[in-house]
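Lettered A, B, C, D and E in written order, each chain numbered from 1.
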Amino acid sequence: MAYFSKHYHSPGTAPGTLVSTSPSTRPVSIHLIDYTEENVEEERLASPQECQAYLERDTKTWIQVNGPVNVDTLRTLGDMFNLHDLALEDVLNSGQRPKLELYDDQLFLIAAMPILQDDALEIVQVSLFVGKNYLICLCPLEEDPFEPIRKRMRNPSNKRFASRDIDYLLYALLDLITDSAFPVLEAFGDKLEGMELELLEQPRKQTLSDIHRLKRELLFMRRVLWPQRELLTTLMRVEDPLINPDTLIYYRDCHDHSVQIIELLESFRDMATGMLDIYLSSISQRTNETMRVLTIIATIFIPLTFIVGVYGMNFQNPDSPWAMPELAWYYGYPMVWGLMIAITAGLVWFFKRRGWL
Amino acid sequence: MAYFSKHYHSPGTAPGTLVSTSPSTRPVSIHLIDYTEENVEEERLASPQECQAYLERDTKTWIQVNGPVNVDTLRTLGDMFNLHDLALEDVLNSGQRPKLELYDDQLFLIAAMPILQDDALEIVQVSLFVGKNYLICLCPLEEDPFEPIRKRMRNPSNKRFASRDIDYLLYALLDLITDSAFPVLEAFGDKLEGMELELLEQPRKQTLSDIHRLKRELLFMRRVLWPQRELLTTLMRVEDPLINPDTLIYYRDCHDHSVQIIELLESFRDMATGMLDIYLSSISQRTNETMRVLTIIATIFIPLTFIVGVYGMNFQNPDSPWAMPELAWYYGYPMVWGLMIAITAGLVWFFKRRGWL
Amino acid sequence: MAYFSKHYHSPGTAPGTLVSTSPSTRPVSIHLIDYTEENVEEERLASPQECQAYLERDTKTWIQVNGPVNVDTLRTLGDMFNLHDLALEDVLNSGQRPKLELYDDQLFLIAAMPILQDDALEIVQVSLFVGKNYLICLCPLEEDPFEPIRKRMRNPSNKRFASRDIDYLLYALLDLITDSAFPVLEAFGDKLEGMELELLEQPRKQTLSDIHRLKRELLFMRRVLWPQRELLTTLMRVEDPLINPDTLIYYRDCHDHSVQIIELLESFRDMATGMLDIYLSSISQRTNETMRVLTIIATIFIPLTFIVGVYGMNFQNPDSPWAMPELAWYYGYPMVWGLMIAITAGLVWFFKRRGWL
Amino acid sequence: MAYFSKHYHSPGTAPGTLVSTSPSTRPVSIHLIDYTEENVEEERLASPQECQAYLERDTKTWIQVNGPVNVDTLRTLGDMFNLHDLALEDVLNSGQRPKLELYDDQLFLIAAMPILQDDALEIVQVSLFVGKNYLICLCPLEEDPFEPIRKRMRNPSNKRFASRDIDYLLYALLDLITDSAFPVLEAFGDKLEGMELELLEQPRKQTLSDIHRLKRELLFMRRVLWPQRELLTTLMRVEDPLINPDTLIYYRDCHDHSVQIIELLESFRDMATGMLDIYLSSISQRTNETMRVLTIIATIFIPLTFIVGVYGMNFQNPDSPWAMPELAWYYGYPMVWGLMIAITAGLVWFFKRRGWL
Amino acid sequence: MAYFSKHYHSPGTAPGTLVSTSPSTRPVSIHLIDYTEENVEEERLASPQECQAYLERDTKTWIQVNGPVNVDTLRTLGDMFNLHDLALEDVLNSGQRPKLELYDDQLFLIAAMPILQDDALEIVQVSLFVGKNYLICLCPLEEDPFEPIRKRMRNPSNKRFASRDIDYLLYALLDLITDSAFPVLEAFGDKLEGMELELLEQPRKQTLSDIHRLKRELLFMRRVLWPQRELLTTLMRVEDPLINPDTLIYYRDCHDHSVQIIELLESFRDMATGMLDIYLSSISQRTNETMRVLTIIATIFIPLTFIVGVYGMNFQNPDSPWAMPELAWYYGYPMVWGLMIAITAGLVWFFKRRGWL
């Protein structure tokens, strides 16, 4: 995960310039669902032009474009649905902040969907255009994450989509996008728990970089999900004919989840930050213990080594009574041992009293 | 206590899907109190259908459902009292944020009741539905925590419940839920005091994990009680026919307690965070002391050991006057002792001046 | 000072339950001042019932109840002056947040007066009831802290109290309560200065717990004085017939002091928090110095000890020219000394260059 | 980069005093573009007086003054275009906060353009005066940073500039100024990544000062870009005849970028701050490892050295059976080796169990 | 600089009590400027009573009182200009928060002027009373800091003061007071730069207390300048006949400076706080280096000393082939040297690989 993950045009580029950042040569995969109260029609299109037919009908149409979109497709869609240049530019320049733009008879939303790929956080930018009876959703993932919704639509007993306007479909998509943070947070929670255990038991060097990486991921996730929460707040308050008042209760539910996600992120971040302090304290504690072992060993043996050194001296003057007479004493050697045992006992007692042993 | 404690449906699940997270097979325990100004009737029901009879009467009815609720009971209650699907889903998915939903002629509240179980914090999610003349309260605890209120209701001299609308009962329940934070905070305060003493006297490795755990509990408690305070603020300001203006003074009292609880939590958290710094400082202080002991011992004995080493050398050249003549001096040995005592005295004086002894 | 200092009823207790937390058996001490524009009458009453006489007159009456109040006195006063049950409960449950309640023709205030007792911070809860022509002030202290105000009232040349309504008396009391934070803060400032000096000169273990205690006291004081500031803001903005517009300038002055106190508290807290860092840095600096002494001593003597050890070896083979021939050299011993002096000089030069000596 | 980078007049100087801080002697370089819907005229002027001719025509004129401006040029422009004295003073006193001043028929903006020069952040102050049909832009850089815009204007197929009022030109300039933060942030992101790797792998002393420098640059950049964001917010909300409602969508886009830049800055700063903790933890971890090596070596060899010291003692009393009889034992020497090997094995086992080896 | 720098009356003192905190016996120094559009008259008065003459004229009068003011002068001025008692009390009680009081036909301002005295920050409290055609400014400094303004007034070509109302003079004074923070901040910036260099190169014990002192000064300065900024905001928004709309542009300029000063203070404080972390990291780094030197020396020499100790043992049993036969080997001594060189080489290689050498 890069620190700077935004794509941008060189400063001074004209607004609305469309340059693809990942020029893919594969054809686009367009999944279209056309539905009315009676009927749900589903089709896979090869080119964006084929949407034209559905546009003219008086049915609700969901156009799902999966995989990295190329400039041509985008421009075709832009012309067909009258999409604003600045919006199209945002679709291509990934790494945008979630946002909501109100055009005359269109809503443009950028939403951020957090997913885990190979145990690493990735933020997928989903772009949504909503008109009176169509919704275009562009998602750079190859695999369509919105399959669960399509499944609900296909279910003939489920009349919710059919009986409601296109804003209910928008809600369903946004709800899925928002809720996809929960599995990610669950994985993060597990990681935190693992780290916490490791920290208190056996801090390793690796733990430090693990904490750091998680903190970065939390920070990054919060940076994109915070404006997403704002987006949902705005959607709930906006007075736009495209948003029906009776869908609001669903948006409120979605917003509640969004708030809960942010709160979880905040507290995870708090905990991750606190873990660095624990790491430091834990290391200091271990250094202190290491020191104590060294000090005990050294403090006991250094005086003893000195004593045996004394009696290793070679002072010899047969005429002098002062030339290490101890060496010739009858009990000299046992007495030295006695002295050394006494010193050791004294130091052990001293360390015990200090609580070091 | 898990980092991630929320139950959620897999993203893309239809709103209002009811799946029990803890499928209990035991029958539900329903405790019903039906009261008017004159009379208090109390009954234990075996199935939710039996409530029907009370619903039709013009009396105030409190339906208390204890223990983990199963999907069937919930659906029956939902049909009978016309409860919203999204609300029922929230009742089952525990770990929700406290919230207040205003439906047309109903209030739906989720409240969080902190309790201590085996010295560990637990947040119990209490769900409340309030209608014109009924209140349904669902609490996953086996043992009914609201017994004190029932006791007050049974007291014939207490006319408060009887003479007031159902919103006074709601207040009584919310007041009990809010106030149950006080014993928890008292226990936390005692823990903090214990830790503080331990930290300053004798920091152990265990202390570190104790602080960390308490910090997590405080963080967790704050995360759920903060929106609970908001809920009470909203209740005080909401203009809903179900809330009488003359009950407001009681809600205000309850809100005051809630504010005080948050403030206590904040300052406890501040103190717990500060304790990590104290732990670190305390450990560093101890390392410094250990170091000082080692340095004193080593600095005194290392030179002495060197000296006795010198006179342990075996230079012998009978022809040389330079071959360690000291060894043959008459006062050689006492002179060496004199030198060593002088060095020791000098070092002791040096350490005293530095304030190390 | 306890972490958890609030008195509370067990959750589920009926609102307005009066239970004394410190059942004192001593009779209450009631000090009454009855004043008009012409006259100031002062009396000590033995029982609350005696207030009745003054209540009926058209004079301003200040009823000061000192010492821990018992339930009976409170109930008598409550009945006589028509005080709200919830308010009376708050008077008894000490450790309340400062607050202002507006009743129909009465104000109820809880104020927090910080004082120092035996060098420890104590927050005294003063409860005030203000009516059209009476003010009841309950203060749990034995000694009356409001004597300076009484002195001003007795002064016949001071017409301010006499010529103004009861809200001026309220101001005078609140002003004294607010300003009593200044001597406390002055004492704290002195303590901080002392600690700072100690920290930078000679950090002791005791310093750590002193800082911690002061931080707790500052945190605690801020927690109660912050809502007191809000209370004064509300008093300035409230439109209540009991508060005259021309007293507002005095309330504003009092509010200004309150703001200044909070700001001082905040910056004291900032400094106290910063001191922990200084303590840690200071200890680390000392550890580093200790280490340096040890390293210098050890680094110089360890090689020397090795050298003298070499020549303490007993290799002897009269036939071998390799069996420590140095021992038999004519200048062997002085050469060893020369080598050792050279090594010492080299190391001293090395340490000098590193700036360690 | 200096901590204090603002130019100011000595306190008490009259407002509007013009003193150049960097008296350049070179002639000014003025680049003028005069454009209408049909035509784009471009010219380089030698003196500000030559602008006069264009001012009178009914065309849109962009006057770009590059390089450090001198007092005379400024005064000439001031007289010609009726610029306010306080604004001119701000142009000369570099290091101003970005701001927007609304005069009667003129806008005055100070914008901050971050660029990297020799790998160091520099904030260039761009001053803009906007009137009904002219825009004066003063930029202290020698090389014109706005060339990309001029290129777009020269393109005959681009009718945006020609067909819109002068506020579109203002947008284009502000957009370029805002977006020039992206390359700077990209470079900072790369630096952060490098530091992070270094910190976790091999923290050097230099890393500490690198982090510190980056933190200062981030802090500095945030200090000037924060008010720039406010400026753009104000521009979007201001009701001024010079700003057309249909340009607002462009300003909103520019504002969005500005918000994203601030958010990136904030999270970079968070990461940089966290890195100091990682550095400290990393160093502590290394100290702990060093200590462990020392302790293992010392703890193993100190007892061994003591033992060999014991048998280096010279106790000799031919008559005493206590005078180190071990020395004369048949297997004395191998037994000592056995003892020493046993001790070493014991200690190695002890260290293994502690996880130190 | 004291932590608690406020003068206050003992709690319970009557509002408006005037007690001088520094009873000076020197006569007051009053500097009066009386000016109209045509004429500027300047005079030094010996007593406040002499102002009376100017008060009655229809001219603008600036009364500047320098040095510590005594109670009598203040009371005379108070009576003459009808100044409020609470305001006079504030003038005497130095250490007030900057504030603005609107009286009926008068403004009362307290402003804080930061200056450096002997390299230490001092906050001078300037009190200003503004009436229809007079301005009284009381400044406790002996030397008049407002001389630059007087110089501008004396300049006959400068018609700004003469042609405008008294509020322009107020602006000029406030502008000078505000801008006097710039030289102080410039000095602080230089100090920070010096400290930073010292910290990264050679942290000394003194550095710690320098950082701490600077942090305190920044904290203190921010505490008084923050409300000063508010004061200027209020002045810009207040609708008072004493403030003319066309002076507002000047007040806005002054407010801009004030904002910039606060921002600088904040970022200086951030940097000073960060420096403590750098100090700690730097010390830890040094401790680690010291440790490394010790460990290298000890780890190399301790095994060698052990080896030479082995061959210093006195095992002698002429009959035993096990009694240290090495001592009698022909190449015994060179072999020991070979062993020791091999060990040293091995350890040096080990340290190189670890990056310690």
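The criterion applied here is as follows: a residue touches a chain if its C-beta (ideal position, glycine included) is under 8 Å from a C-beta of that chain, and two chains touch if they have at least 3 such contacts.
By chain, UniProt protein names: A, B, C, D, E = Magnesium transport protein CorA.
Model, not experiment: these values are computed from the prediction.
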In terms of touching chains, how many steps apart are chain B and chain D, taking the shortest path? 2
Same or different: do the copies chain D and chain E touch each other through matching residue numbers, with over half of them shared? different
Copy-to-copy rotation (chain C on chain D, CA atoms, range 0 to 180, rounded to a multiple of 5 degrees) logged as 145
Between chain B and chain C, what distance separates the C-alpha centroids? Give it in angstrom. 25
Approximate Å spacing (C-alpha centroids) for the pair chain B, chain E: 41
Chain A residues touching 2+ other chains are 277, 280, 284, 287, 291, 294, 298, 302, 305, 309, 312-314, 324
What order results when the ring of chains is traversed from chain B, passing next through chain C? B, C, E, D, A
Quick one: in the complex, what on chain C touches chain E? 146-149, 152, 158, 160, 175-176, 179-180, 182-183, 185-186, 188-190, 192-193, 196, 200, 249-250, 252-253, 256, 259-260, 263-264, 267-268, 270-271, 274, 277-278, 280-282, 284-285, 287-288, 291-292, 294-295, 298-299, 302-303, 305-306, 309-310, 312-317, 319-320, 322-324, 355-356
Chain C partner, complex, touching residues on chain E are 2-4, 6, 8-15, 84, 86, 96-97, 99, 101, 202, 205, 208-209, 212, 215-216, 219-220, 223, 273, 276-277, 279-280, 283-284, 286-287, 290-291, 293-294, 297-298, 301-302, 304-305, 308-309, 311-314, 324, 326-334, 336
